[in-house]
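By letter and in written order, the chains are A, B and C; residue numbering begins at 1 in each of them.
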Amino acid sequence: MATTTLTPAATNSRSALYEWLTTTDHKKIGILYIVNSFVFFFIGGVFALGVRTELAQPGLQFFNDQTYNELFSMHGTIMIFLFVIPMLAGFGNYVVPLQIGAPDMAFPRINALSLWMLPLAGILLLLGFVTGGTAAAGWTSYAPLSENRPLSAVGHGQDLWILALVLIGTSSILGAINFLVTIFKMRAPGMTLFRMPILVWTVLVTAVLVLMATPVITSVLIMLFIDRNYGGSFFDPIARGGDAILYQNIFWFYSHPAVYVMVLPAMGMISEILPVFSRKPLFGYKAFIFATAAIGALGFSVWAHHMFTTGAVYLPFFSIMTFLIAVPTGVKMFNWVFTLWRGQLMLKTPLLFALGFLSMFLIGGIDGAMSASVPVDFALHDTYWVVSHLHYVLFGGSVFGIMAGLYYWFPKMTGKMMNETVGKAQFVLMFIGFNLTFFPMHELGLAGMPRRIADYSSTAGWNDLNLLATIGGFTIAASMTLLLWNLAISLRSGAPAGDDPWEGNTLEWATSSPPPPYNFDHLPEIRSERPLFDLRHGRTAEH
Amino acid sequence: MSSSPRSRSARPAIFALAIVALIVGVSLLLLAVGVNVLHIGDTFVAGLFPPVAVTQQGAKIRDLYTIVFLIAVAIFVVVEALIIWSVVRYRRKPGDDTLPPQTHGNNIAEFVWTIVPTLIVIFMFFVSWDTLNAVDTSAADAQTTKITAQAGQFQWQFDYIGPDGKTVVYTEFLPLVSQGGGMMVPAGRTVQLSLVSHDVIHAFYVPQFLFKRDVIPGRTNQFDFTVDAADAGQTFRGQCAELCGSGHSIMLFEVKALAPADFDKWLADKAAAATASPAPAPSGSPGSSSAPAPSGNPGASSAPAPSQGATGPTLQVTASGIQYVEKTLTAPANTPFQIVFDNQDPGTPHNVSIHKDSPTGEEVFKGEVFPGVAKKTYDVPALAAGTYGYVCTVHPTMTGTLTVQ
Amino acid sequence: MAMTTETQATLPVEHSPLAGMPHDTHGGISNPVLGMLLFITSEVMFFGGLFAAYFSIRANASQWPPTNVETGQPFSLAILPFVGPATILLILSSFTCQYAVLAIRRDDRTRFLRAMTITVVLGIIFLLAQVTDYSLLGAEGLTLSSGTYGTTYFTLTGFHGAHVFGGVIMLSVVLYRGMVGQFSSRHYDAVEAASLYWHFVDVVWILLFSLLYLLPGKTAAT
């Protein structure tokens, strides 16, 4: 039944568009993932600009409260579920089979199915705008605010949100199964587990997290759907005797591991880029892998640190676990820094973004450890300080990592280099804009500004910092136009990349750019995690 | 991809000097155009700390924050310095193609940077736990003032519990001091606050307490706080901190600290007035909620002047589901008239207040706030012809238009 | 499902795009079976979420089963005449399913087809019994919207039923492919995978049955 998948059939007669729409090639699917994610990145970014514009000055100038709530709910949902997670899955799709020397993913057609669920989900989500309002209860959609009750989520928007998230979740689960089988079963000869590139390891741990956590959010979404549409009584304590905290417990059981789903592959990408551009191996390869696994395991025991102020969780346990998860993260940070140490740093755009990741994720991580302190969290929870923290992790971490990965693998994907000058300009602008937007939010939160408010009093003392953050937001937007421009000029007239423009370490650089269908004509011998380095320089001692 | 061979002598020192020069230059430039850089620096540093706490518990949290924050800054500075140093020092010099030493790792180093952070976070955990035990306990005694804050979309009300610990002796429906309401607390005495929600999750948050606690339907949360005696007379702003719907940003309240004697007298007066007035509203007409002049609006406090027999028509207004059923009203000009206000939201306080031009305009009449289900009649003084907006003082999203002609 | 490993066998070696690519083929579990095991892991977590909700609601209730406001009596569930027999049939079907796997391993296609047919029929009987039971409960006033008890009962058993339905479809496809002769002792990954899924569905039902029907309730402490 599967012969059609793999026969290099007579495709000449079919159009390129048809070819892309029906492809089961992991490379094309990976690129489609990335393109789709960028589309939603820009949609979510426009919503973010709407939020920042409204908050620039006290008073409601552009939106009313309800529209504002829809904007930030859609911003959060899109950025998390339709940008960061699929974007990283896209890079994984493109790079993982290449890095382990496999011809494709284990289940190519399921791979295509995972991909095409995403735009469908995105359309469902946004359909809310034409059916009387989207979901407006935040990306967390806490019950009972997300219940079908007066002054809460009465329209279809919330149901569409649920359907979209279930679709995305299914796509993620299928993707995770695909990654796991591919990594376990399709490695090239010699590619033992402890010779796999770090990106493959992080994708592996991520896939385990997705596999274990995503079904749990599916269950809570379905319960919410039953509550809303079939008179169920899971989460509405007033009307029907349910439990509002139950929703949060199940939701965060998924959504905290989801944070690691959103950042581990970015860490993996950084861990590919730093060694190549310092011309050194990653410092502490195995320690890094164990740290990744530890983060994955501990990630399941910290969910209630999102619920310290509910008065309904056992505080010391979740506090100590949250503190402890900082340790493997710290180990990684030191491994990265000592990879740079005594290296020979080529300050190309991918390395700049990777360094941006290190500096910004450092702040986000330290913020996380600070708020693990329960009494401190009493003060900071649900304020702009938390907004700042999560953006330092997910923008300062994941997005900087994604940009680094894009500049790093673009030559492999297209056969053309991206423009260095524009790339560096984008980095500088994005770095400045990011800090201008999100650093002031620390201070706003400490000064007492709660998150998710459409308006604030002009006498609360939050005016200047909000204006600053809005200016920063538009600076980020400007940096993104530079990215688009760079993509356009590089696709049209970028310098030819050759097989291995960066002197890479891993197998993807051993094939042509872009690689042929089924990836490799022959593979080099694999005797370490850096087969291409060994090929160029001979093998260096393990320790 | 190979960069053009530019200045070969760019050494780290020069690089660092250039950055310092840039910072100094920009600062001088800003000074020159009249921006007080030092002041901005001060504000920036002060902004990295929470406000000075006004409760004993908050002060402990602030001390803890300072410890945690300083550790965080120390870690940040060390790691960031390592990153910057590595980048500056180990940049690839043009033309230098020697392979750097291929260090794969170092077990001692890995051990050290696993153990040291572990010790640091365990230390942070224990100081946090210590503080948690100090701030998150109940030390209620006979002296303790008991208050229940009831949150609903989108207002706060405060029930003051009598000495028996059960009876509500007085209910304050208006959340802001400027409206004549707010939550009064005795400075220097422990307050035990219970939190009750009727609809969705809210959160009680006063930034100067450095504390918040969720208000969850189906579950009563409780916490204690003690405002410092020295802060008597001050008002602290508070706000719902958990997204609760389209009125989340307007769900404000204020806490005012009174000297204990003043507080006792205030509560006794309110309780007496409440028992004197007929049910269900705990306040008499002109006395309590509506009278204390909202910032000198002409006619605002002149409101209900007990019925000297209005000559105009009687208008019907119904509130249901945090909405007025009647969105438009018409009244004759220059004639006093009556509004029969039917509040059908159980337990939710509403009123009708009339403002010039629009619901946010100048207030010309304010009806008494009372919880449903109940009905009251307001005597509205004569109004000049024109368009007015009416709004619920508690719920600024409840609005309608009154045409006087 | 597209299974690349299967394809390798059907393509002439020199035409296979995978021909030049030796793989980590030493050993073990095939891709479809590993994929199914991982899928079952995710299903376990899905039911884990539903079970967690059930336990949480049950633990918070003062009385379980709660009182039916219409009758004034606590809700109750009857094992007979439908649920008990259906449970036995479902457990039995797991054995017939495994028997089918063993048969195809021995290349005994007749027994394989026979056992697989019985499995599918038993699955369908289970579903019919569940539908009948639902309509009886509905007549007694227990529905999805009758409080926490009805909501959890119908959500848990409903999702299990949906999985049984999915399993029946899967087994039917396997049966069809068996009838047209696609399986042999060298090639039965899909049978193995479908059978694993069916066992999983069975185990979930045993848990559900124990929880909903056998675990004693609690009365209100007044």
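Convention: a contact is a pair of C-beta atoms (placed from the backbone, for glycine too) under 8 Å apart; a residue touches a chain by one contact, two chains touch by 3 or more.
Given the structure is predicted, the values throughout are model-derived calculations rather than measurements.
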item	value
Chain contact graph, described as a line, ring, star, complete graph or other shape	line
Maximum inter-chain contact count - chain pair	A-B
Whole-Å gap between the CA centroids of chain A and chain B	33
Approximate Å spacing (C-alpha centroids) for the pair chain B, chain C	51
Chain A residues counted as touching two or more neighbouring chains	241-243
Touching residues (chain side chain A, partner chain B) in the complex	64-66, 69, 136-138, 142, 144-145, 149-152, 236-238, 241-245, 278-281, 283-287, 309-312, 315-316, 319-320, 323-324, 326-327, 330-331, 333-335, 337-338, 340-348, 355, 358-359, 362-363, 366-367, 369-370, 372-376, 378-379, 381-383, 417, 420, 442-443, 446-448, 450-457, 460, 465, 495, 501, 537, 540-543
Footprint of chain A on chain C - complex, ascending	1-4, 6-7, 10-11, 15-18, 20-24, 31, 34-35, 38-39, 41-50, 52-53, 56-57, 60-61, 66, 143-145, 147-148, 151-152, 155, 159
Chain C-touching residues of chain A, taken from the complex the two chains share	1-3, 5-8, 24, 101-104, 106-110, 173, 176-178, 180-181, 184-189, 191, 211-220, 222-223, 226-227, 230-234, 240-243, 246, 249-250, 253, 517-518, 520-523
Touching residues (chain side chain B, partner chain A) in the complex	1, 44, 47-51, 58, 60-61, 64-65, 68-69, 72, 75-76, 79-80, 82-83, 86-87, 90-92, 96, 98-106, 109-110, 113-114, 117-118, 121-122, 124-125, 127-129, 131-132, 135-136, 153, 198-201, 203, 205, 207-208, 210-214, 216-219, 221-223, 237, 239-250, 252, 321-322, 397
